[in-house]
Amino acid sequence: MQNLLAGTPSRDHYRSDQRARRRGRRAGRNNMTIRFGLIGCGIMGADHARILRSDIAGAELVAVQDMDTGRAAAVADGNCRVHSTAEALVADRGVDALIIASPDRTHAPLTLAAIAAGKPVLCEKPMAASLDEARAVVAAEIAAGRPLVQVGFMRRFDPGYRALRAAVAEETHGRPLFLHCVHRNAVGPDYVTSDLVLANSCVHEIDISRFVLGEDHARVRVIAARPSRRAANRRPLMMILESASGVIVSVEAFLDAQYGYDVQGELVCEDGTLSLDPHPPVSRRHGGLDGYGVEPDWRGRFADAYRYQLRDFVVALNGGRFLGASAWDGYVAAATAEAALKALAGGNVETVDAGERPMFYATRA
Amino acid sequence: MQNLLAGTPSRDHYRSDQRARRRGRRAGRNNMTIRFGLIGCGIMGADHARILRSDIAGAELVAVQDMDTGRAAAVADGNCRVHSTAEALVADRGVDALIIASPDRTHAPLTLAAIAAGKPVLCEKPMAASLDEARAVVAAEIAAGRPLVQVGFMRRFDPGYRALRAAVAEETHGRPLFLHCVHRNAVGPDYVTSDLVLANSCVHEIDISRFVLGEDHARVRVIAARPSRRAANRRPLMMILESASGVIVSVEAFLDAQYGYDVQGELVCEDGTLSLDPHPPVSRRHGGLDGYGVEPDWRGRFADAYRYQLRDFVVALNGGRFLGASAWDGYVAAATAEAALKALAGGNVETVDAGERPMFYATRA
Amino acid sequence: MQNLLAGTPSRDHYRSDQRARRRGRRAGRNNMTIRFGLIGCGIMGADHARILRSDIAGAELVAVQDMDTGRAAAVADGNCRVHSTAEALVADRGVDALIIASPDRTHAPLTLAAIAAGKPVLCEKPMAASLDEARAVVAAEIAAGRPLVQVGFMRRFDPGYRALRAAVAEETHGRPLFLHCVHRNAVGPDYVTSDLVLANSCVHEIDISRFVLGEDHARVRVIAARPSRRAANRRPLMMILESASGVIVSVEAFLDAQYGYDVQGELVCEDGTLSLDPHPPVSRRHGGLDGYGVEPDWRGRFADAYRYQLRDFVVALNGGRFLGASAWDGYVAAATAEAALKALAGGNVETVDAGERPMFYATRA
Amino acid sequence: MQNLLAGTPSRDHYRSDQRARRRGRRAGRNNMTIRFGLIGCGIMGADHARILRSDIAGAELVAVQDMDTGRAAAVADGNCRVHSTAEALVADRGVDALIIASPDRTHAPLTLAAIAAGKPVLCEKPMAASLDEARAVVAAEIAAGRPLVQVGFMRRFDPGYRALRAAVAEETHGRPLFLHCVHRNAVGPDYVTSDLVLANSCVHEIDISRFVLGEDHARVRVIAARPSRRAANRRPLMMILESASGVIVSVEAFLDAQYGYDVQGELVCEDGTLSLDPHPPVSRRHGGLDGYGVEPDWRGRFADAYRYQLRDFVVALNGGRFLGASAWDGYVAAATAEAALKALAGGNVETVDAGERPMFYATRA
């Protein structure tokens, strides 16, 4: 038992990935600096640029593009090319790989363009605006014959979720029975309806629970609570997924929790439980209180995940293994979210059916 | 905001109840020592006897009874009368009040006998073996014209749950939206089926969520997870209750968690959350681990609750207010559990309908 | 190792004391209701009265006295006799035992009077205003030939400290090496100087560290930090005690911590550590924070300790064992505090020499 | 108050350093890839190589050297030059900067060689084997006229300690009064005596407390506890430092704590406290326990610190600010440790006198 608990992932938990890196390196060529082009220079795009420049070995940001040329110039900061169109950036022969952080509706068309150009792409979620578009991306990647697409479900690189996945894969605490998830934002945007809570927020839990459990979902229920007085136009949701093997995944999704951004997870197995515990590095006692600060938004909460996502993308591009979500994962998440929307509308349990995984994706993480 | 958090209930949180006690004392007579008779001297009965003798002011254990006379004699310990039948104990004129901790099927008949004798009774849950029996107890108490019955839902006296109830009643964090409950036992008895998990374990959450939220439930769903390899004859359950006003209560019930007895609760309100946090008084670092011991069963976890339950029952008998679950509460819990059983069997959402609360119970806690 | 950590004291940790109680009962007579007289009806006295009436089995408050007759009447609340002098209360033949919570300078004279009257006494700390007075109390009790005096070092009844003491006594984590103590008040009274911080606050750690370690102190150092801007007339102190066997006890004493009352303790043994962890029963998330409320003063923090102190005093009076601090313990604490005062004044290490423990006290806890 | 606690450093706390980076970049030239040479390929050296290759933007490992050529080849892994002597590596014109992780006695000679070659050097602590050597390094760097030396006190880059330093610098909780430090290793090497505990372990707290408080120490005491039965040849130590302004720094140093590697710190200020809280990303419940794993050694505990140390060294080499410990800091730490050794030997308080900081170092962090 000592071993089980002592096996808690260290802060340096990624050490084992060095083997993947080394394998990659030996697989063919020496590591080369990957020259990145970034499409979309809003909050997420600027963050990717910052991380790339500060914290990623073997990578370089060489080109950016945004419809707002001021934002593009600000991110370029005089250190890289600025393209006036996304197409020009995709075509730039000095660009090896792409990061897509432009508006959601552009994700699929740009990903298809990247595939056509034979350039690997890390695309922010959602991968597509419709199931048909998602299927098209999958088909194009399969036709290209090699892995080119990674969807930005960054939680797959969070040390906590990886520890949960490892516990399931290695059955360190027996087989899983429940995965309880909480997804709270401090204050949601006005335009977000209950439907969008499912499509934009719960889709993270749909993907990460598949990642942790290592299997697809079979059924979904959604129950809406009464609205908070802080946001009359949407309702806090409870989504209940059942995995193929009978694990119950509960998800509270609440966009208006006021106190901060809070993502929790508890994996309940036959012999014990594991819980995400994302505390900051110091606690404080002040004014009658003893506790921790809570992150205001997802960028602080998942800062390590965003960094590891880019790091391991670079490793994969040098011949390592792709650890992130594939186009197929992006498609399954969208299909599951669609079933959840139906469950919310009709009040019944809905079957999830994404079809069978193509052989092409059999060896992805 | 400082006030909100500083308002966390102190370990001495019951101080305000002194007012109720004083009110009680002044209401009619001086405090008298209450002479208790105990029916049932098994684990729970022996525990009640122990608490009564060590920690309850103004009470005395004067008589006991058990079908197993050896157990009765052991609890009596030469310090009180031993009756050979429950009827004789109920009839004992030196007994002011009763504690019923005998087998479940005897609860309702003995409670009815106590009412007939005009003696107040604290009866272990469940109050009755059927809804009809439960209705009969309610009717008998109403006919008696004064409160005589308290059901042993001891969690209502747990300092943590009381803090949650106070937060709802005073809207310190806005109105409630979710109440997430976890109910895990280390190892369940072999004979317990999924149905009994609902009837015996989840009934605690059914009652305590009504207590915390201050309203009845309207709908219930039950979803069964795959069985643990540790117990093939029952399934871990997820029960979802919806309160009349639209609060979602989620309940994980898992009898075979192995690692210990673990009851958790998180109340999510519009402006913040409150969580039960039942740690022991010391943490330890040893053998690669930093943490707490977990209670092996409910008696340690709810030791304070059991003590307060008896203490406040004595206060109520001296003219104070009954703070515990009434016969009506016992009936509503049973009716809700019955709807949950139907939901488990049929796989659908079920409506909960306990009928309207009789006027007689309007002023109970 | 599992056993070690699983052995964390449960909330119901006092169960084993039932043996002491039973022993006591069988030792001579049946348990009788102990009739208490209370001298001093200020904050502490009123608290003792409240606890006695609400939470102590087998005890009754029959008489009170205070120089302020209004306070005495308020505590009596029409339910017990009010004496006009402490002497009259001591002499009251209907009073079996005394609680002394009057001003510090009266403690020794009243304790001597109680001994003269042959009545057991629970006396708030300090037991005496000088070492000579303390010696006089010890001599009088020895002359009386039976244990009559318990000093109100209530921490000895705190479940956390008892767990630390048990770990030392049973060597569950090897032998002790360090005991780190923190003693912080929110806001100290104006009149308290650095000397009084040692005599009134640190004296608690002097006593409790002897209790936890089961041995006397041999040496003491005191180092003063710069004063807080909140209190220029005293300095936060660091006291370092060395036990006879070479355990180092560090004590931070800070009366002006602002954020609340906070008493911490970490016992470091050869194979692991134990820490006091006195959290309230719920945690909260609100306004960017995730944490606990901190008690404003000692009464909430040590509510359980005050209750157990009175409960076990009653048990001892019925023939059980005295678990609390004896007159000898009160004298040793005073002698050690005097050495600490000298260390603060001179800046050097000082030897602690309380003399040898009289045989009379050999069997006390 | 909300702001104070909400200001807890996020996991992405280093974002502000981007300004330093940008300043650096604009200061003169474009960022260039820094070509590193590594001397010493033992545990620490191999770790630096791994971090450099995986996680540091703008850096490349081009040459290594170790007395054990097998170790050197293993770290080189066919991807960089292997030199047979440290001198050859220092002279390698393709090497821009050095990392020294060879045996302690070589640190000062190699650092002097690096200064002579005009190459910046990150040298593992201790910087020198004697105070005279330390003074020689300081003199050589001053003579060189520009900052070239950073000592590997990596804790200065730990997010927790940086938060403590920021709280002092910005007086967010008032001025500091105490800093309580704990430094525990699981199992110390046999050859380590009490003297070496001071010189090798406590020297970390000597440096980090200067860093957190922003001032030098004035006095030091050392008290030795009895030895653990696990290690008779050394004693657990309590070191008490007093800063120039009167802050008390307490340090427990215990090399044989068995349960794991544990570095704690609590900063007590006039209005509140901050504590390091280095938990792993998940907690677990298993086998009667609820808690966290503890790191086995310092590399996991300070993984982020090691990474930030190298990252910010690269930023500094590109024109940014040096945030790490200077040669002067290395010298002061050594001078303070020497006073502590004297205090341990003599049992008295000792004055710390490192002399006045040269103007050259006035602008370092």
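For reference, chains read A, B, C and D in written order, and residue numbers begin at 1 within each chain.
In this text, a residue touches a chain if its C-beta (ideal position, glycine included) is under 8 Å from a C-beta of that chain, and two chains touch if they have at least 3 such contacts.
The chain list, named the UniProt way, goes like this: A, B, C, D = Inositol 2-dehydrogenase.
This structure is a prediction, so every number in the text was calculated from the model and none was measured.
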item: Chains touching both subunit A and subunit C; value: B, D
item: Contact-richer chain pair [C-D vs B-C]; value: B-C
item: Repeat of the A-C interface, chosen from A-D, B-D or A-B (over half of contact pairs identical by residue number); value: B-D
item: Computed distance of Cα centres, subunit D from subunit C, in Å; value: 43
item: Between subunit B and subunit C, centroid-to-centroid distance (C-alpha), Å; value: 35
item: Subunit D: positions in contact with at least two other chains; value: 1-2, 5-6, 258-259, 271-273, 283, 285-289, 291-294, 296
item: Footprint of subunit D on subunit A - complex, ascending; value: 1, 4-12, 14-15, 18, 21-22, 25, 30-31, 50, 52-57, 59, 77, 79, 158-160, 163-164, 173, 271-287, 289, 291-296, 299-301, 303-304, 311
item: Partner subunit C, residues of subunit A touching it in the complex; value: 1-2, 258-260, 262, 283, 285-294, 296
item: Residues of subunit C that touch subunit D when the two form their complex; value: 2, 5-6, 174-175, 177-178, 180, 182, 221, 223, 225-226, 228-230, 236, 238, 240, 242, 245-248, 250, 252, 254, 256-259, 268, 270-273, 287-289, 347, 349
